[in-house]
Amino acid sequence: MKLIQAVIKPFKLDEVKEALVDMGIYGMTVSEVKGFGRQKGHKETYRGTEYTIEFVPKTRLDVAVPDDKVQAVVDAIVRAAKTGTIGDGKVFVMDLQETVRVRTGETGSNAL
Amino acid sequence: MRKIVMYSLGVFWIGFLCLAQPLFAQNAVPDAAEAGTVAVTESLSSTAEIALPVVAQGEEAAPWAPDTGDTTWILVCSALVLAMTAPGLAMFYGGMARKKNALNTIFMSFIILCLISVQWVLWGYSLAFGPDVGKMVGNLDWMFLNNVAAAGPSPYAGTIPDYAFMVFQLVFAVITVALISGAVAERMKLSAFLLFAVLWATFIYDPLAHWVWGGGWIGDLGALDFAGGTVVHISSAAAALAGAIMVGKRRGFLKDYMAPHNLPLTVIGASLLWFGWFGFNAGSALSAGTQAATAFVVTNTAAAMGGLSWAFAEWMYRGKPTALGAASGAVAGLVAITPAAGFVGPMSALVIGLGAGVLCYMAVFMKAKLGYDDALDVVAVHGVGGTWGAIATGLFANPVFSGGAAGLFFGNPGQLWKQVVAVAATWAFVFVGSLIILKIVDLIVGLRVTEEEEQRGLDLGQHNETAYS
Amino acid sequence: MRKIVMYSLGVFWIGFLCLAQPLFAQNAVPDAAEAGTVAVTESLSSTAEIALPVVAQGEEAAPWAPDTGDTTWILVCSALVLAMTAPGLAMFYGGMARKKNALNTIFMSFIILCLISVQWVLWGYSLAFGPDVGKMVGNLDWMFLNNVAAAGPSPYAGTIPDYAFMVFQLVFAVITVALISGAVAERMKLSAFLLFAVLWATFIYDPLAHWVWGGGWIGDLGALDFAGGTVVHISSAAAALAGAIMVGKRRGFLKDYMAPHNLPLTVIGASLLWFGWFGFNAGSALSAGTQAATAFVVTNTAAAMGGLSWAFAEWMYRGKPTALGAASGAVAGLVAITPAAGFVGPMSALVIGLGAGVLCYMAVFMKAKLGYDDALDVVAVHGVGGTWGAIATGLFANPVFSGGAAGLFFGNPGQLWKQVVAVAATWAFVFVGSLIILKIVDLIVGLRVTEEEEQRGLDLGQHNETAYS
Amino acid sequence: MRKIVMYSLGVFWIGFLCLAQPLFAQNAVPDAAEAGTVAVTESLSSTAEIALPVVAQGEEAAPWAPDTGDTTWILVCSALVLAMTAPGLAMFYGGMARKKNALNTIFMSFIILCLISVQWVLWGYSLAFGPDVGKMVGNLDWMFLNNVAAAGPSPYAGTIPDYAFMVFQLVFAVITVALISGAVAERMKLSAFLLFAVLWATFIYDPLAHWVWGGGWIGDLGALDFAGGTVVHISSAAAALAGAIMVGKRRGFLKDYMAPHNLPLTVIGASLLWFGWFGFNAGSALSAGTQAATAFVVTNTAAAMGGLSWAFAEWMYRGKPTALGAASGAVAGLVAITPAAGFVGPMSALVIGLGAGVLCYMAVFMKAKLGYDDALDVVAVHGVGGTWGAIATGLFANPVFSGGAAGLFFGNPGQLWKQVVAVAATWAFVFVGSLIILKIVDLIVGLRVTEEEEQRGLDLGQHNETAYS
Amino acid sequence: MKLIQAVIKPFKLDEVKEALVDMGIYGMTVSEVKGFGRQKGHKETYRGTEYTIEFVPKTRLDVAVPDDKVQAVVDAIVRAAKTGTIGDGKVFVMDLQETVRVRTGETGSNAL
Amino acid sequence: MKLIQAVIKPFKLDEVKEALVDMGIYGMTVSEVKGFGRQKGHKETYRGTEYTIEFVPKTRLDVAVPDDKVQAVVDAIVRAAKTGTIGDGKVFVMDLQETVRVRTGETGSNAL
């Protein structure tokens, strides 16, 4: 199994989620993060003092999948999350040694 | 330990109860005397030009009765001005603070409302409005509200009860002190601020109010200050400047991201200030007549124009108007119209508001240049706005609206000079006096929280609370 | 399905419209009768000692006209007291709730304002202030505001329109019921609370208000309650205690982290309560005269002292003063001064406020010890504060301010006894009555949400909404 | 660059100062004329049926003095109505917006308060209430408040100062324009909305106010509109509809999650609207008498019933009542009672509020069906509610309360027809006029922000600010 | 060493934390996330428009442990987090190549 | 490639970020977390009830880097994040099997 961690633009979450559901992936975990990269933040001015916001709001998606689906899922995420502009994000793939479903205690791919 | 504290609280409280007994016994004496006969009017005769005439003592000594319309007016205005401090100022300042200091900033306004309300009935009112001593301060005859007639007319406003005038002045003292907290927010110790507040109210505000409204030398001079441009705004700003300098800069000033944590709160606070300011300015007519209506109209006009002018200045200069700017501009307009409210017409109010928005907008850049950290811009808004307003009163005062007083543009150049004297005297007296008081407070309790506490935030450090959970 | 609901709504509404027709037809009859002649004054003669004299019927039957100052005063005060419930109490309570229950807590105050406003014009006012039946309750002659003169003076206050008095009393009924919601917050079913509210207002509040102000036995007894220490505060607290016991503890009480989710909201709510309380207390003079001014001053003084004393008690006992503490203390001071407002002087108000802050601070520890879960401390603040205030009125009532009534410290020990009787009767009647009503409600709809719903929060469970998105 | 902008601001401001000089010089002339003699009363004689009689010119020409009670009333009501716009409406709307647009939504109400306050004293008041031109509009004689007597009575209300009446009308103009912003929220350009606001106030609101209250044809016709059902609510709703159509739907309308970002803010805003509405409706009596008290009572009753009926409709139809629903229902009830406030009794108010809650609840489903995106439901609440209220006034007007006017149920079927004419004329005039103005504004500056900006939110896009940090 | 990442029901956090403390685990990191899985979200209606909230609030717990404790910790988490109903969550185990304690610079198991 | 996950004190974020930028690392992802460890939380008292806040606010930084930079980056983070007091945090290093840049589809070290 692999854990796929994707950092994407927040407004792309719905599209990515649907792309995954379409391929039969029904589980994922989402969190709000702040990204720092090529895409620059914005400036804010309050009463004469100017601030640069370097971090851009991003969404992180964690999906655990069996090995045979990794490539397809990564491709699907990339396709759905792409706008072609800077800041589209990254997909990271990590090895997952074990998965347990808390409710049933099932392990391995069955737990996904 | 716990028991001991409880006991001591109990004892302290029973002690106060016993001590207080003679106070309200005393209190009873003059009140029991025939209402309508105010013993102190004599000593106040010198303030006759600012005081409305005491109602004529009718034949057959019919008991005095207040005008219900005027009494309603002043009580409602007192409530409105109270609402300026809390929730108005509490929200305006609280929203501008960072999240970790939000509650402490709000707390400051709230606790000052409590503290000065008590100081005023104990001795503040007497020092400010009591029988004059050398044109400098009131004496202590009205301490604990002794000799203030619960059932008689105010010597300062003959159609309303003495207590109504007293409480209307109370809420002015409260907001003046609360305003200062904005300059030292996010780093000053609570204990230090409370000690400062009591000393400052007693030794600076009370005498100053006496100078201008209580029969003192500035009033005698003929300087115009309808609702407190010098007494409230310049004085709080001068103290704020002293405070910002003495307490020092916040860690990370001009470097860290210090954006307001909740701007909706700030804009709502500004709206409530606007709302309450009608009590402040139109209430200062002390009667619900045409002057109150005029003051109401010019107050609204200057606030509106101030908001527009700050927002448009930003638009021109920075490309975008901000909500914080519009709110600040409205407050600046309100500050500037304060000394002029009963004396000028609505077209002059437009100019006063316009000037306030632009000048105060330029003034907020000052602190970065001069290097003092006036956290929430008390000096820029109340100092610059108040000074501009006091000067503008000397320019635009119009006999049609003031019922007499005239400024430079209405043929009385001398007025401008009087205004300048009042402004300069206020800045100097308050700034120097505040420095001295702050030095004393620093020696006794220390002005500033530790660096670590500043970093964690004063909400946790001073109160062990977090604003949001 | 959808259509059916729509239709039924339509039918129900047209039905009401038809039913209502006779009501306002009826309504027209007495109003059309000469204004100024109030048919019910006779039956009210027994309440003459609390009612202001009805204006003399001038020769040539000049139509009665209200005093514009007094009318303004009472209408403004009515608006202020309404603002105490929403937004004041809604914010004060809402901020103290956890995030998942914030909206439900706010909703309670708001919907009670709606519900009791309607109950009052339908039958509540008649039961409380209508022609007396055996010193226990009003009869139904004034139901639907029949026989309440739109164009005539109030039999309870001759210088203001009858409708003005009615609506001023309405907002008191509203806030009393809304206060109770704090004790049962975060777990009581909405339907249960609404049913409880209607029954409680009808069978507890309306008779109680009659006992004290409407010509009933407590008023006859001579117990003093200027603005509602027993009627409003003790009664809501006794109901709150019954509610906390009957509804049971929140899941995780004294174990889970249940910190207020938004303390700025709470402090702002407390500030608005303070603001509105001027209407509550000073408005209870029913006229804009010297008593109103005095009540205004002592209200402010007690609130301020209450805030200080709670905060300082915390400082001594816990090491740090909290914002929640200062806000709670101010409310405690306001509660305590309520029955005394028109009868005591400002120095007594200091003592009353001081006592309220300390006593109520100690009282909040009670619930942990005694094991009932009064979620937002209604019993500690309104029960203890209200009881202390009612007793204190018997100690400090001063003829100089009250225009007659005196307490123990002013030579009238008998007054204290009357106060104790009124307090005890109120606690007993309301507590027992509330238990009975709660039992009935429990049988009909059940008092409490499911455990799962409590865990997810009542915002989702009862309203399908989240406070913040 | 920076310097240049600063200089230009300076020059623009000094320029205005010079330009303004003649204005207040002019201003002085009529004011200096004997107060009490109002030159324009003649030209207003045609409006005599709606104007209170100008006070009799006493022998010996004793100077006119306002009634202090009435003056207090109108000034307080003006402050209350101002508070409806900011903070009331600002919070009500701001809480319903999404977080990324929260500040912009709040800003709209605030800046409109500033903008229209200035427009009104410059020329708006003159167009609306100045000497009549062909029953269609006022002329420009009162521009810059020339010929408006600072020290004299209002020709529309003889017991209060002319300035008090002027400012009371000012706050009505302000809120009408601010209401429109709800329909176009979350996507309209600030510059476009400001330009629209000035044009709309000048060419739509001012004439319409003249038609109904300033001596124009609708007033002559005898249509009843006590406090602005047509002038304020229907007109803002018709403009809102035009705006929603012309500006277009929000990206993701009916698809994305667009839940209110802060419902506590919305409920508190609704509470403040309720509070301020007493000024709106009861203040429209222009005097603190029995009609004001009645208007106060029916306002409260309709609001309460509106809140209940919307909440119960949801309960029946959706299974759960929502806080947003109760708040919206109360506002709907307030809207509906507005035209009827001085004319109907409390039982009729129950029916009016009941109808408003149910009808407006049904109306919010309209936009999804018809496909226009009225973001914050101005059409459903103010349009439907206002229309229902205007019709209901023609049904329920009761001579007992109105002092004359009667509706269908009280034997005067003709009134209903007049109401229908007034309603239809208002919808048609305002809708068409608004479309034209929007088209013009679109051509000059463009109505809508870019798609990218809409996505990031207008707080960043229009103001470079974030509401919360 | 392994990094154990558990996605659980928020109200179970206290129990899980105590179970870990009981076994001598004194370090962990917690974050608020949103989960998408078999457990469905709820619907909200605002003024006639209905929204489906597909994501359910969850809590994520990250615990780094030495290899010999992995099984025990996973078991403890599963036991404490279990309610037996849908949405109980998942436990993921990943290989951890290095750990450094910032304060002291210690590495490996000593740093845990 | 490796994924470096650092849990640090929030106010150190700027310094750490600058240290990384100085070494030529231009991408990272940041999230707000709560930590449980040796550093204890604080107590809050509301109206007589005392609560212990066991979790301390922390910031988590995720940086994916090519293998040859791992040691340098870990060292830089440790250096910048260190205050020498309890609660300074931890750095975890995990193996990263693949990285994809969403915008371009590039993979491996090129995607970082």
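Note that the chains take the letters A, B, C, D, E and F in the order they are written out, and that residue 1 is the start of every chain.
The rule is short, and it goes like this: contacts are C-beta pairs under 8 Å (C-beta built on N, C-alpha and C of every residue); 3 or more make two chains touch, one makes a residue touch a chain.
What you see is a predicted model; the values in this text were computed from it and never measured.
Counting hops only between chains that touch, chain A reaches chain E in a minimum of 1.
Contact with chain D and chain E alike is made by A, C.
Chain B and chain D have CA centres that are 33 Å apart. Distance between chain centres (mean CA atoms), chain A to chain C: 53 Å.
In chain A, the residues that touch at least two other chains are 31, 44-46, 94-95. Each of the following residues of chain B touches two or more other chains: 67-70, 72, 76, 257, 259-260, 262, 318, 322, 324, 464-466. Listed in rising order, the residues of chain D touching chain C in the complex are 67-70, 72-73, 76, 80, 98-99, 159, 257, 259-264, 267-268, 270-272, 274-275, 278-279, 282, 287-290, 292-294, 296-297, 300-301, 303-305, 307-309, 311, 313, 316-324, 326-327, 330, 345-348, 350-351, 354-355, 358, 362, 396, 398, 400-401, 409-410. Those residues of chain A that touch chain D in the shared complex are 11, 42-46.
Put simply, chain C touches chain E in their complex at residues 455, 460, 464-466. The residues of chain F lying in touch with chain A in their complex are 3, 17, 26-31, 64, 94-103, 105, 111. Across the complex, chain A is touched by residues 2, 5-8, 31-38, 54-55, 58, 60, 74, 77-78, 81-95 of chain E.
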